[in-house]
Every structure is written in structure tokens, then in C-alpha cells.
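In the two assemblies presented below, chain A is common to both, partnered first by chain B and then by chain C.
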Partner chain A sequence: MFQDILVTGLVNGSAYALLAIGFSLIFGVARIVNIAHTAFYMLAAYCFYALLVRGGLGVLLSGLVAVSSVTLLSLVCYRLVIEPVRQHEAAVLISTIALALIFQETVLRLFGGNYLGIPSAIEGVAHVFGIAIPWQRLLILIIALAMLVSIWFLLHRTRLGLAIRATANDLEVASLMGMDVNRVAMATVAISVALAAVAGVSVAPVFVVDPFMWLSPLVTVLSVVVLGGLGSIQGSVIGALVIGYVEAITVFVLPQGAFLKGAVALSIMVVVLLVRPEGLFGVAFEEER
Partner chain B sequence: MLRPFIVAAAGLFAIASAALAQDNIKIAVVGPMAFTQGENAWAGAEMARDEINKQGGIAVGGKKLKIELVRVDSNEIQSVSDATNAMERAITREKADFVIGGFRSEAVLAMQEVAMDYKKIFLGCGAADAKLGANVEKSYDRYKYWFRVSPLNSPGLGKTLFAVLGSIAGQIRADLKKETPKVAILAEKVIWTEAIVKAAQANLPQMKMEVVGLWQPSPVATDVTAELAAIDRAGADLVFTALSGPVGIVVARQMGERKMRAVTFGINVEAQKDGFWEATAGKGNGVATLDTYAEVEMTPKMIPFFKAFKERFHKSPTYNAGTYDAIDLLKIAIEKAGTTQADKLVPVIEKETYVGTGAILEFDKAHDPVWGIGKYTGIAVQWQNGKKVPFWPQQVKGMQKFGLPGES
Partner chain C sequence: MLPSRTLAAIWVAAVVLLPLVLPDPYVLRVAAMTCIFAALAASWDLLAGYAGQVNFGHALFFGAGAYSSALLSLRLAFSPLFAVGTGALIATVIGFCVGYLCLRLRGSYLSLATLAFPLILIGVLFAFPDFSGGELGITGLQPLASSRVGNYYVAAIAMLVLVFGIWAFADSRFGLVLHAIRDDEVAARASGIDTTRYKLAVFGISAAAAGTTGALYAHFMRGAGPSTLETALSFQVVIWGVFGGLATIYGPVTAVFVLYPLTEWLGSFGAFGELRLLIFAVVVLLVLLFMPRGLAPWVRDRIETKCPRCKQQNPVWRESCRVCAASLHQPSAGLPQSPR
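Moving on, here comes the complex of A and B:
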């Protein structure tokens, strides 16, 4: 059972990390709580489905087009919906909820509410510590690791990364130093949504694609970022792994309570908010900036 | 000066409206219309309407009344309150004479209350929860307008499930030489599965099967790898499912990906749909579920209905298409009673033995269909290489063999 928990928690946690780091990044830089974050993930999954299954394009091309088009859409949404109300946090929150619902209803009209499946990019099962894990799930783990390394490289080894970190550190000073903070925010939105889109494309073949698939991960992502510390990328990764493992432990230790795994994640979020509102890595987050 | 004319015009309009209303019988078809369940409910109703209207309509008091359908999207999969609002709208604004359909038990229980408030006959074609019928037994005067046309109630489904399980266990004993097959119960955590889970835990040991555990994921779970790993580790030969949500696809797909040796049987609503094979990306081989319709002679009407449905809608009907039988049953009852008044129709429906497309319907005291081989049991089907193959009841013409892993 220990090996099962070890492997299942790691694979699921890595998928959550892909979503959570984007969510956290955009909050850290632009103070935008993007409720539509997982709706972009859903859109990418649908786009991937349409191109791969209905359009007959290859896996790689479908994935690239899906991620690029959803990222472009996020820029349009940022310009039209978020930027005009960016100074008002509540308005941003409400706007992104509205965006998510618009995406959901549009997809419902276009594809209907039926559940759709996408073939795996790699068929077959790998055996890790005696545990059977489909290759597609291991691919998610590899993609998540690659994305984490890329984000670290982008933030710490490029001029854009420097600008993003400077803006995250102090928006006003960054602005006074001549940085175009709006463009930095826009670039961050694009990076953040691209991460969500990559998550959507990579997990779609193992999950079920439906217009409401953004709701459940949203709850998990909120739990992850609250646990890790809102705005902290390092915290998001660790929070995602903690939630992934807690869910796996819930199912293995309490099989009759498997449906409670979402509730356990939410309970962790509530406890963290009560005991340590800045999250586990709140202090580290400040230093990290 | 104009006032008398306006009053007269209004009076004439009211009389004309009433006269017009008498030409039609309005039936509201309630369901989640963006989903397969709602689509099937509407499709079944359309077929019945077109056939009956083609014959002139329903004969009431020397007149032939045409059927008018009202499509009511309950959105009940997402929201129970949307469902009750939809029911309220169907009755008050659309002025429906009868209501048929419904899918999700929680929503149908709430909609039942609204329909009963207005004393409207509500023929259920989707929800299995036993409480819907228990309400009739407990408080007859209030709930007598409710009848369940499809599916069986959950204890009835349980009876069929155990009959089929017994047959599969026999095959495992004979083919795999396992005297006491190990069974894992995998049931989503919702109210309709509660009675089935309890019955399974009580009955399976008596049927010489060992229950190795109960796993209860959410009906909308997107990942069950942990549950399946635990089931694998428990050495299950058979996974007994009670799943109505998308988790049914996830379970089938992930079992296929893991190449689990256990065979599945139970209720998997998603596996009843034609789109199941594509939704599981072809990984759902061997998944078996209770179902209602196939090209087999369960009743004399099943094969013609199945073929006509498939020809018109290019897909097989699910049990929600029982709206066809519901409308046909209403027609028979209205013609026998000579009225559309609910209180006069209830005793007629109660006494009716109706040969439908999916079953032969007789109602018990709870206004639930009476279970029995030759009456109403449902059928069992298994996905074999992309096709849904019916395999139970074995004595019915057209049934094929259940495939154990490695055989199918």
C-alpha cells in the first residue's frame, strides 16, 4: 500500500502543481485571482479533443495549437475583461467568474454535455516499485517537471523573468523604474494560462472531458495555493504534492470515504486559513520575491 | 366607449384559447436536455407523439386530441433547484397536462413534490431511488399521481443485479476454477446506490462470493487510480459497480489502461450509451452493465422500437427513452377513462398491464413496476470489441455469451 500511495500521490500532485503554479504566478505578479484559470484548462482540453479526435491532426500538432490558441485567447480576455478593472480586486474576481461561466456555457452549446474521451499519447503501462502506472500518467509527471524547470529558468535566467520578479516584488517601484507593468502583467497572464493549457492537454487523455471539468480542479487549486502560500511558486509545488498525497492516503486508508478526498483538501484549506493565513510558505514567499 | 368591445374581445379570446387547448394534450418532457439522458427522453417522446398524432391523436369523449410536447430543460445534473424551477414553469407557465421524464434521483424527488402540489400526473423515466415510490405508499393521497415507468426502483435493480451476478459467478467458478470469487464493490456516493450497496454486502456472501471491500468515489471523480490500485491489491475477480456519473467512464478507462484482471458488472449508466467506447478511448472492453434496450425479444415491441429509434436518431435508445412507453401508457389510460383528469386516470393506470417497448409494466402499491422474469427485469449487456452485446436473461432470443477476461 505504501508504494501505491507514493506513486499515486506523486503523479496526481504533479498535475495539480501544473495548474497551481500558473494560478499562483499571476496572483504574485499582478494580484489577479483568476477564477477562470481552470476554465482555460478546460478550453485547452476541448481544443485538443476537437483537433485530435475530430480534426485528425497529430498529438503534437493538436497539443501545440491548443496551447497556443488558448494562450492567445487569454490575452484577448485580459485586454477586454481584466485590464479595465484591474485596480479593483473584487471586480477582477467577479469578471473572471463570469469569463469561466461564459466558457462553460459556450462549450456546452458547441459540444453538448456528454462526456468525451481522448486517446492516450502513449499506450501501455509502466511498472514502478511494482505498481502499474499507465505511461500517459508518467508523461504528465515528466511534462510537469519540464514545465517547472522551464518556469524556474524563465524567472531566474531571462530579462522577462527579472521584470516579472521585480513587478512581483514591488509594483510601484517597478513602474517608477520605467517598466511597463501592464505588459509584464500581460506576459504573466500568458505564461500562467499556457501552463493551465499544458495541464489541460496533458491530463485530458486520462480524465473525462466535459464542460464542467474546470470546477473540481479549481477547488483543488485553491486548496493548494492557500496551503502553499498564495503567490509562492515553491509553495504551490509543495502544496500540490501535499494535497496529492493526502487524497491518495484518504482513498487507501479509508476506501469507503473515497468521495471525501475533495472535502479533505478543502478542510486543509480552511485549517490553514485559520491557523496560518499566509500559508506554509508565506515567509519564504516574501523572501522568494 | 371602447370598454365593452375590449371586454367582449377578451372574453372571445378566452373562449378561443380554451377551445384551442381542448385540441391538444400538453405533455412536458423534463430532463437535462444538454445531456444524453435528456436527449433520449425527448427522442422517445417525439417518437410516441409522431406515431399517435399520425393515427389522429388520443380519443377523448368522441374527440381526437393531438399530443403537444413541451421540452423542459431541468439542468438537473448540475442543479436541483434548476430542476424544481423547470417543473414549476412546465406546470404553471406552459400549462402542461402531464409531466414525464426526470433523471437524477435527488432532483426527481424535489420535482415530485412540485408535481404533487399541483396534482399533476408525473411518469418518471429516469430515477431509481426507492423513496419516490415509498412516498406513494406512505402518503397515497398526496403522491398517488407519481408512477415510475423506467427504470426499476433500486431494490428491483438490485434483484436483477444479483441474478446476473449469480450467473457471472457461475461462469467464473466453471471457467476460472474459483469456488469463491472475490468481489470489490465500487459505488458512487449518492442516494440511489445506498440500498444496492447494503443489499450487495448482505447477499454476496450468501451467494458464496467474498466481498473484499467497498470503495465509494464521487460520481464526478476524474481519477480513480488509487481506488483501482487498492482493488487490484485486494485480489478482486469481479468489480461490482453502481455508477451513474462520468466516473463510470473513468473507472472503465483506467481499468483498461491498467489491464486489470477483474471483470466488471453492475450499473454503469455511461456504459449504456453508444458514445461509451469513444469516451473510454476504446479501453472499456469487457465492461458490463444493466441496460434496457437491445435488439432482443424482451417484449414484442422491443426490436421494432430499437430499430426505428436507431434509424431515426442514429443511436441506440437508453432507458430514458422510456418516455415512449410513458406517453403510450397515458394514451391507453386516457382512452379507457375517457378523460384527462388526473384523479380519474390514477386508478386506471394502477390496474393496467401494459406491454411496453422495454418491459411489461404492472404497478405495485408504490406505483413502481413489478419486478419479474417475463415482466420487468431489464437486460445485461457487455462491451465486446466496440459493440454492446446483450447476454442476460439468457433464455431470451438474441442473447449472447458473457466474456471473461481473455475470452472477449
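Moving on, here comes the complex of A and C:
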């Protein structure tokens, strides 16, 4: 059981981290609470399913096509739906909710409400330090780590990353320093949705795929992000691992744990917030005037 | 009479007279649900629109009211009316608890944290299926009135009382303080307002109203299920509130009266039925693109103008203000040369 907890927590935690970083980035740079974030994750999983199982493309090709098409779609949605109402915070919020509903219903029409399974990319079990891990789960871990390293590189070693961090820090000053804030926001949307899409493609073979699969990770991601502190990348990663392990421990240790895993994870978030309202690693944002 | 007040009067008359004009059971059922959800949306607007505590878990209060009144009347054999009252009371207590927990949170943190509360309650309810009925919920409640028309009137009158009560609250000094807290909490505190007490109070009032609607819903549907606590319902309330227009009370009510019957009506067509949520989302998106402040403020701007001098509302067709007689269409002309 100890091994199960160790592996499940790490794998789920790294998938949550991929989702949470993107969510946190969009919030930090564009101040958008993107409810549709995990809906893009769901779309990527379906896209992957359609290409791999129905289209018969290879794993790598379907994955790449799924990620890039979902990213493109997110840019189109941003331009058509979010940008025109950017000035109205509440309108942005429910536009993202409406987008998520539209994706859910479209997928429901196209694929039906059944649970769909995707075959693993690699079958078999690996032994790491005497612990048996299915290859697919190890693959999720490796992909997540690779994405984390590359996002760190992007944010801290490139000009675009500098612009993103500057905009997240202070939008007005960044704009005064000659950064095109709108283009930075677009780039951030693309990056964060791409991360969500990678998460969707990599976990699809392990979890089941259905049109409502975006709701429960959405809540988890929100609690991860609030726990780690909105806008903080390392906070998101640590928060994701904490939530991943808490869920794993609840499921394996408590009776009725599968029902309670969300409740326990969310309660921990509430407790942390009571002690430290800006999250574990929260950047206390200046009040916008 | 002002056009907006005329519309409100027509609306009240329509709500009261509906069973006499259209006694169709399906219409009455949809209308009663519309009334219940309208009061729920109004209670959210008091909390989110006026006080700025944008609650993403409003279903918590609704579900708490529904579940507690259902459990009380089924397990402890409370009479329906008493169960509704007690359910509302329990929801109020939960409202105070949530308000207390959220005192230190602001803005997006508050929204995201409140999203969690109804889900925690769902998890607890599912963990004790013998007590709560698990995923199926609780069924077999007594309705509040014996006839169909009676049940409709219970919902309609409760809605009118709640909506006008909330409106009165929002229009009073209390509402003014809530505006101040939303716009600048530090400044409000500096002006000697005990913001903590006001925020707790608004959570309590909003939860009481939402709990009442939840309890009414449970007795109307003769049962309470997990759907009363779901994220989907919380989001639905947010959509109604923003779609109608924040901090207006009449906006969210209008939104429910437009959107809920619309989705039900679309659902009655075979082919459309499956697409209704899709159509609902597309309608919301399109309307927001053109009216980002919401439907009701947009309509009000078309039928009324504000007097540039005394800030009173006037019908668009008037030349001069009905209160201070300043000219409405040349904003600068009326000021210096006015007789007073």
C-alpha cells in the first residue's frame, strides 16, 4: 500500500502540476480566472482518442497534432470571445464558463457520453528501486518533468519569459517599458493551454475519457492553485504534489476514501487559507487601481 | 410612471395572474422553478454584486437548505412549512460559518475557495449513504400545498417576498455600506464601518434567502439530491447573475425569467432537447459580447436616462427632468442658469 501511495501521489501530483501551472500563468499575466482551462485538457484527450483510436495515427503524431490543434483553438477562442470583453472582469469569467459548457456539449454530441478507453502507449511494468510502476505512469512522470524543466527554461532564460514575468508582476509598468501586453497575454494563453493539452494527452490512457472529465480536475486545480498561491509557479508544483499525495492517502487509507478524496483535499486547502490567506507561496498582488 | 417601474409592475402582475391565464401543468411547473431560481439568483447578487464577495459555491446554501429541510421532514416528521423554516435557519448558520472562513480572503481567492465548500459537503454526504441517500438523494417529501396552482403560488409569493426583501435591503443604508465595502474595503474601514460585521451579515442574509429557496425546491420536487450541491448549479447562478447585470437585483431575476424558460422550452423539442445546454452557452456568450454589463442595465439604458444634475432616472422621451426640471438633452445647459 505504501508503494501505491507513493506512485499514485507522484503521478497524479505531476499531472495536476501541469494543469495548475498553466492556470496560474494565465491568472498572473492576464488576470483571467480561466474556468475553461481543464475543458481544454478534456478536448486534448478526445482529440488524441479520435486520432489514435479512430484515425489510426501513431501515438507520437496523434499526441503532437492533438496538442497543437487544441492550442490553436484556444487562441481563436481568446481572440473571438475573451478579448472583446477583457475590460469587464465578470463577463470574462462567465465567458470562460460558457466556453467550457460549449466544449462539453460539443464533445457529448460528437462522441456520446460513454466512457472511452485509450490503449497505453507502452505496456508493461518498470521496476524502479524495487517499486513496480506501470510504464504509462512512468511516462506521465517523465513528460511532466520535461515540461516543468522547459517551462522553467522558457520563463527564466528567454526574452518572452522575461516579458511574461514582468507583465505578471506589474501590467502597467510592463506596458510602459514597451512590452506589447496583449501579445504577451496571447502567448501566455497558448503556453498554458499547451501545458493543459499535454496533461490531457498523457493521462488519457490511464484515466477514462468522458465529456465531464473536466469538472473534477478543475476543482482540484483550483485548490492546488489557491494552496500554492495564485501566480506562483513553484507554489503550484508543491501544491500539486501536496494535493496528489493527500488524495492518494485518503483513497488508500480511509474507508469510503474514494468519495472523500475531494473533500479532504479541499478541506486542507481551506485550512491553509485560514492560516495563510495568500497561499503557501502566494505573491500578494498589489491592489489594482 | 418610469418605464422600468411599469415593467416591474407588469412582471408582478404576470407572476400573480399566470395560473388564471395559463393553468397548464407543464407551464406552471416551469414557472414555479423559474420563481425559485430567480430568488436564488437575487440572493447571490446581494452577496456578489453588492458586497463584492463573488461566491462560486452558492449551491452550498441552496443544497444545505434542500437537504436539511428534506431530512428534517422525512426523518423527524417536521411539517413542511416548519421544515422549510428550519432548513433556512441551518443554511443561515452555514452562511455565517462560510462568511467567517472567508473574512480574510479577497477577490479571486475567495471565489476559488468558496467553490470548494459545496463539494466538501457532497463528499461527506456520499460517505454516509444510509443517512443522506447517497447519489440518489432523498425522495418522498410532502409538498407544501395540495394543488398544483397552490404549489405555484407558494413558490411565486415566496419569490416576490424574497426578491423585494433583498431589493429593499440593497437599497437601504445597509446596501450603501455594501457598495463601499466592494469598492474599497480599506476606505470603508477608515470611515468607521465595521466591515467584518457587515460581511458576516451579508453572508448570513444571502444564505438565509438561498436556503429558503433550496428548501422550497426540495418540497416542490419532493426530494433533494446531489444536483442541488453541484458545481454546475453554482456556475448556473453565476451565469444568471452576470448575464442579468451585477449589483442590480432585478438583473439576475430578469436573467432567470429569460434564460430558464428559454432552456426548458428548447428542451421540449426532440432534436433541440439534446442541444439545449449548447444553445444556452452560445446565447450567453453572444449576449455578453454586445452587452458586457449585462442584459438589464443595457435595456434600462435604452428606456431611461439619468438627469445630469440631480441624478434621478427619467424616461428617454422626456425633454426635462421630472424632479428638478433641468434639460435632459443638453447636459451642460441646465447647470448655471437654473432658476434655483
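By our rule, the second predicted complex is superposed on the first by the 273 of 289 C-alpha atoms of A that agree within 3 Å, B and C clash if a C-alpha of one lies under 4 Å from a C-alpha of the other, contacts with A are read in each partner's own complex, and residues count from 1 in each chain.
The criterion applied here is as follows: a residue touches a chain if its C-beta (ideal position, glycine included) is under 8 Å from a C-beta of that chain, and two chains touch if they have at least 3 such contacts.
It should be emphasised that the depicted structure is a prediction, and the values quoted were computed from it without experimental measurement.
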| item | value |
| --- | --- |
| Touching partner for A:Ser223 - first (chain B), second (chain C), both, neither | second |
| First (chain B), second (chain C), both or neither touched by A:Glu278 | second |
| Touched partner set for A:Val251, first chain B, second chain C, both or neither | first |
| Which superposed partner A:Gly262 touches (first chain B, second chain C, both, neither) | both |
| Partner chain in contact with A:Leu101 - chain B first, chain C second, else both or neither | second |
| Which superposed partner A:Gly112 touches (first chain B, second chain C, both, neither) | first |
| Touching partner for A:Asn12 - first (chain B), second (chain C), both, neither | first |
| Touching partner for A:Leu155 - first (chain B), second (chain C), both, neither | neither |
| On chain A, the residue positions that both chain B and chain C contact, one per complex | 256, 259, 261-262 |
| Chain A contact footprint on chain B (complex, rising order) | 32, 34-36, 77-78, 188-189, 213-218, 220-227, 229-230, 232-233, 246, 249-250, 253-254, 257-259, 270, 273, 275, 278-282 |
| Chain B-facing residues of chain A, complex | 1, 4-5, 8, 11-12, 53, 108, 112-120, 125, 131-134, 136-137, 205-208, 210, 212-213, 216, 247-248, 251-252, 255-259, 261-262 |
| Chain C-facing residues of chain A, complex | 27, 33, 35, 81, 84-85, 87-88, 90-91, 93-95, 97-99, 101-102, 104-106, 109, 215, 218-219, 222-223, 225-226, 230, 256, 259-264, 266-267, 269-270, 273-274, 277-279 |
| Interface residues, chain C side, partner chain A - complex | 54, 101, 104-106, 108-109, 111-113, 115-117, 119-124, 126-127, 231-232, 235, 238-239, 242-243, 246, 274-275, 277-278, 280-282, 284-285, 288-289, 292-293 |
